[in-house]
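Please find one structure pasted underneath; my questions will follow.
Labels run A, B, C and D following the written order; every chain starts at residue 1.
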Amino acid sequence: MKYNISNNGYYGDFGGAYIPEMLYPNVEELRQNYLKIMAEPSFKEEFNQLLKDYVGRPSPLYFARRLSKKYNTKIYLKREDLNHTGAHKVNNTIGQILMAQRLGKTRIIAETGAGQHGVATATVCALMGMECIVYMGEIDIARQAPNVARMKMLGAKVVPALSGSRTLKDATNEAIRDWINNPINTHYIIGSVVGPHPYPDMVARFQAVVSEEIQWQLKEKEGKTTPDYVVACVGGGSNAAGAFYHYLENTNVKLIAVEAAGKGIHSGESAATSVLGREGIIHGSKTLLMQTKDGQITEPYSISAGLDYPGVGPMHAHLYKTGRAEFISITDDEAMTAGLELSQLEGIIPAIETSHAFAIFDHKKFKADDVVVINLSGRGDKDLQNYIDYFKL
Amino acid sequence: MKYNISNNGYYGDFGGAYIPEMLYPNVEELRQNYLKIMAEPSFKEEFNQLLKDYVGRPSPLYFARRLSKKYNTKIYLKREDLNHTGAHKVNNTIGQILMAQRLGKTRIIAETGAGQHGVATATVCALMGMECIVYMGEIDIARQAPNVARMKMLGAKVVPALSGSRTLKDATNEAIRDWINNPINTHYIIGSVVGPHPYPDMVARFQAVVSEEIQWQLKEKEGKTTPDYVVACVGGGSNAAGAFYHYLENTNVKLIAVEAAGKGIHSGESAATSVLGREGIIHGSKTLLMQTKDGQITEPYSISAGLDYPGVGPMHAHLYKTGRAEFISITDDEAMTAGLELSQLEGIIPAIETSHAFAIFDHKKFKADDVVVINLSGRGDKDLQNYIDYFKL
Amino acid sequence: MNRINQKLKEDKKLLSIYFSAGYPNLNDTVSIIENLEKNGVDMIEIGLPFSDPLADGPTIQASSTEALKNGMTTEVLFNQLKDIRKTVTIPLIIMGYFNPMLQYGVEAFCEKCQQTGIDGLIIPDLPVDVYNERYKATFEKYGLINVFLITPQTSIERINFIDSISNGFIYMVSSASVTGSSSGFGDEQTNYFKRIKNMKLKNPQIVGFGINSNETFNQATLSAKGAIIGSAFIKHLSKKGVNTIHEFVSGILR
Amino acid sequence: MNRINQKLKEDKKLLSIYFSAGYPNLNDTVSIIENLEKNGVDMIEIGLPFSDPLADGPTIQASSTEALKNGMTTEVLFNQLKDIRKTVTIPLIIMGYFNPMLQYGVEAFCEKCQQTGIDGLIIPDLPVDVYNERYKATFEKYGLINVFLITPQTSIERINFIDSISNGFIYMVSSASVTGSSSGFGDEQTNYFKRIKNMKLKNPQIVGFGINSNETFNQATLSAKGAIIGSAFIKHLSKKGVNTIHEFVSGILR
């Protein structure tokens, strides 16, 4: 069994590029060039240099002493929250802005849910002096106000998506429409391992730095490159893809993907795609998605804007279908509680997206000598008001 | 000329421990032990490990390409904004919490202005499972709301200081009062290079990791360990102390300390201590401070809560008096503009405190081949609302 | 012979109209179709509404959303159309996104189209190569013409490839844009129309996107076989209702 | 002989009262002092207000702030007191933070004290060793007694050192706390008072902090020579005004 992408852009049954002809030249240009460009020494050098000096990589692998004690296992946190801009998202936007430059693009568009990808995109656009337009659902603009403010400070234009559920899915639709309208000078920086091939693979490769680092960091700390478990939350799935990447084909490493169950998997207000989804097409990719019997895409719900998406990337659809990864769904309440617990046990306030990954301990028991790496995908600064309101602090 | 501290706790004429007898046992215990404890291998190891795995050190030294181009000189940014909790403050709180543990203390108090030190203290208290009380001026609580929220998430108690100017100075008074009332079990984690000896020296030593890293990072990038200039903003002066530390006695390296001129040095609403201050005693230390003819401490003003302090640490008083460092005062408006410029040129939104350091280019010309290191002391997430309101973004 | 091919042989410029099935009211579908035919429209694209129509501009998006709210589904549409061939003879094409068809089952969907008297499909997000490899046989088995889009950015090789696997007409998107965005054609468009004409493709071209008036219809059909109007017609429906379709069509064909 | 030393020789428990000069009204200073003496108070600490009184609790802080607002300064205080020795004979001590004295000039300040008839100083933030090294000679030149504090946490060695350089009394802080916080003394305090008594220091001890009633005054002076009341007196002034000082003093000495 092969878990990574095939030459023709599929993970098992999932993936491909189901795009309107208007996008074909852009996507095809990218498909033909992305691997070549990523292999260029000058690209690699610039990418690695920026990751080091600008993003602050390597992000630490931190042994969480008090959390480990509480759950009687060995928990390491991969500190993507310490990246510049506060989440894993920037690994990808650094890569894509360099890609866009090499493709001769001058205008950047992006969608964003939690705003982290929007901020990470606005950031690299400022860094490179490029025009930046970020689409963001109207609801997410309200619930992630700090990130909207950051994008404005960075000189980006934030355009509200007013259709549908007015969240990430709709922001993505708007971004795609913009791209259709601006096929020559514009690069679309997708923020997760979703979208038409080659996006899922390209984004996963940029995020793969996460598991690459985990390998040598774990070697330093535990004398081996492989943990027993890697745990990550899944919205589109980019932080999980990055954390899983180098372990995909090594089945000794168990992979746990954590989805948002919202108010309960079967409450009608959920984003638990693996449980509720069926195969279909969303945003140019064949994958699992939540949809009506009729094939209309369902409006998802999660307290976390970044997991409030009705699909998962095709890699994750494949990992789910093959059983390579275990999928666990976590409710809003469980996530919030886990976020507070991490704050007070380890002094790290996680993004609410990330909090979902920390809520698995009631669902999953680990052995005392299991090495469990949790990808701490982002920090919670953007979510403070939500936490405060929730806990009435 | 010697610029660092003397054996008896003075920088030239400045320093000492002008404290009420009630504080004597605490301060004396610390004075007698701090160097010994800091020299213990187990202390060093734990400190360095936490700085690496938890804080995310080394913080990068980043060559700011677009900024350098604009000002036609070579500007490197020391990225303390990438530290866990978002500023240099945590270097010190990590050190002090380990110190407090070794002194057998179980309860931690702190003052905070911008809230960064409060957050950094609340963070290390969560990490070590210690009780934490943070004093913060009522006005600062209002203008740095995100950091108040963070402290609460981290389980700290935030107590408003209601007297005087209701800012950092008064929070410090309240913290000292608490310490007087709780002399046995409590350690006071001061957040800057202020307060009675040995605090200024202890905090400077914990922050010295900044210039220690700059040395080898610059060696990698420029082939030499010394820049031509080191620039840092000064509230109490801890980030400047850290950035200057290893260069203090090397006068080839020019030091620039940037103070807050508020609405103008002579507007009556300012915190430009070097210009407006005279020798005196504040918070247990002989130093420069803004005061009336009669010796009453003046209520300072700056748009940035972290620079809104009527004194500077004794090291800086000495650097000023001896001319070892050049002091430049920057107004609110200049700082805000510089903060926006850094955001849009380099994709880095600085704390408003830090923005002051980036506003010197209208006051100070550098040569094209000068190597100028600016200490990017903190990120601006806490200040977004202030920026947005100011620029009506 | 498929009605589309027959129609394309007629010696005239063809006017094709798109509308979202189920809009403005769920049961307007049939009467809109009949009305359009009555008023001289040559071909109709029946929009099967989709929740996330990412190639569509605001007008068609809004009408799709409204149609879904009204209760439109694939099943409902086929039901509404089940007797359409008793009254309507012009070519009927279903235009919709791929996911609803996939969920219905592609073969079932095609079979149902055939039974209903649908002549062809336009599926913007079903790429040519996927169609070619996986679905061409099925479409052909049920006598359905699949219509592909080309844009000003489409390369010559690709146009030739699309032409080679097409067997009806080519949907020539007037400019790179979502539906409903352009206002009038400039040199760029007319040059593009000419350029394609000069390629002498085996399939005629029908222009879509940005046609909203007699003028743009005439411009578009100078080089092309016909033109498709979508957003402009839906705007007319929204403002003036189903009973004034003659006004709209005569405005175009004036 | 300094009035303080004379007073300490009297065979009685001494009541000393602290108040913030310039509070409640700027010019109340003299009449408060005269009133206190008239009502049998043995010694007075005249508080020189400071903007940042970090060893004081809320009551004294607030009175300091108010006094500063009223216009109190070092200069004003010395002016108010310039004729005080025409009417008042009990020992007068200025209690204040070091910075205002430093700004006035320590020597000038001491000289002015002598001229005014001030007998001693209590400067909580002037540490013993700094005093000893830098200022002792000046204080002595102007015949001023400097009073040092000890607390329950002060080590025996340090108490002995403080005793050795003191030449009046030792200010025994009742518990580790800022002013105005305690309510009554427990075993801890009384043991501490006894412990110090048993050290048989050369300087008598006067207890301060937390004395607010006849009961706490008696408790404090069981082992000590006297006691100082600050916050309780200021609270009384705030509530009942300057004219009822007799009420307060008689309540304590009842």
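Operating definition for what follows: a residue touches a chain if its C-beta (ideal position, glycine included) is under 8 Å from a C-beta of that chain, and two chains touch if they have at least 3 such contacts.
This is a predicted model, so every value here is computed, not measured.
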Indicate the lowest number of steps between subunit B and subunit C, counting one step per move to a touching chain. 2
Based on the averaged CA atom positions, which chain is farthest from subunit D? C
Computed distance of Cα centres, subunit B from subunit A, in Å: 35
In angstrom, rounded to a whole number, how far apart do the mean CA points of subunit C and subunit D lie? 96
Can you work out the whole-Å distance between the CA centroids of subunit A and subunit D? 66
Could you list the positions in subunit B whose residues touch two or more of the other chains? none
Among the residues of subunit D, pick out those that touch two or more other chains and give their numbers. none
Connecting every touching chain pair, does the picture come out as line, ring, star, complete or other? line
Every chain pair in contact, whichever chains are involved: A-B, A-C, B-D
Listed in rising order, subunit A residues that touch subunit C in their complex are 16-22, 24-25, 163-164, 169-170, 173, 176-177, 180-184, 278-284, 291, 293-297
Please name which positions on subunit A make contact with subunit B in the complex. 52-54, 56, 59-63, 66, 79, 81-84, 86, 122-127, 129, 146, 149-150, 152-155, 340, 343-349, 380-381, 384-385, 387-388, 393
State the interface residues of subunit D toward subunit B in the complex, per the touch definition above. 50-57, 61, 65, 68, 73-75, 97-104, 124-128, 130, 148-151, 153-155, 158, 173, 176-178, 181
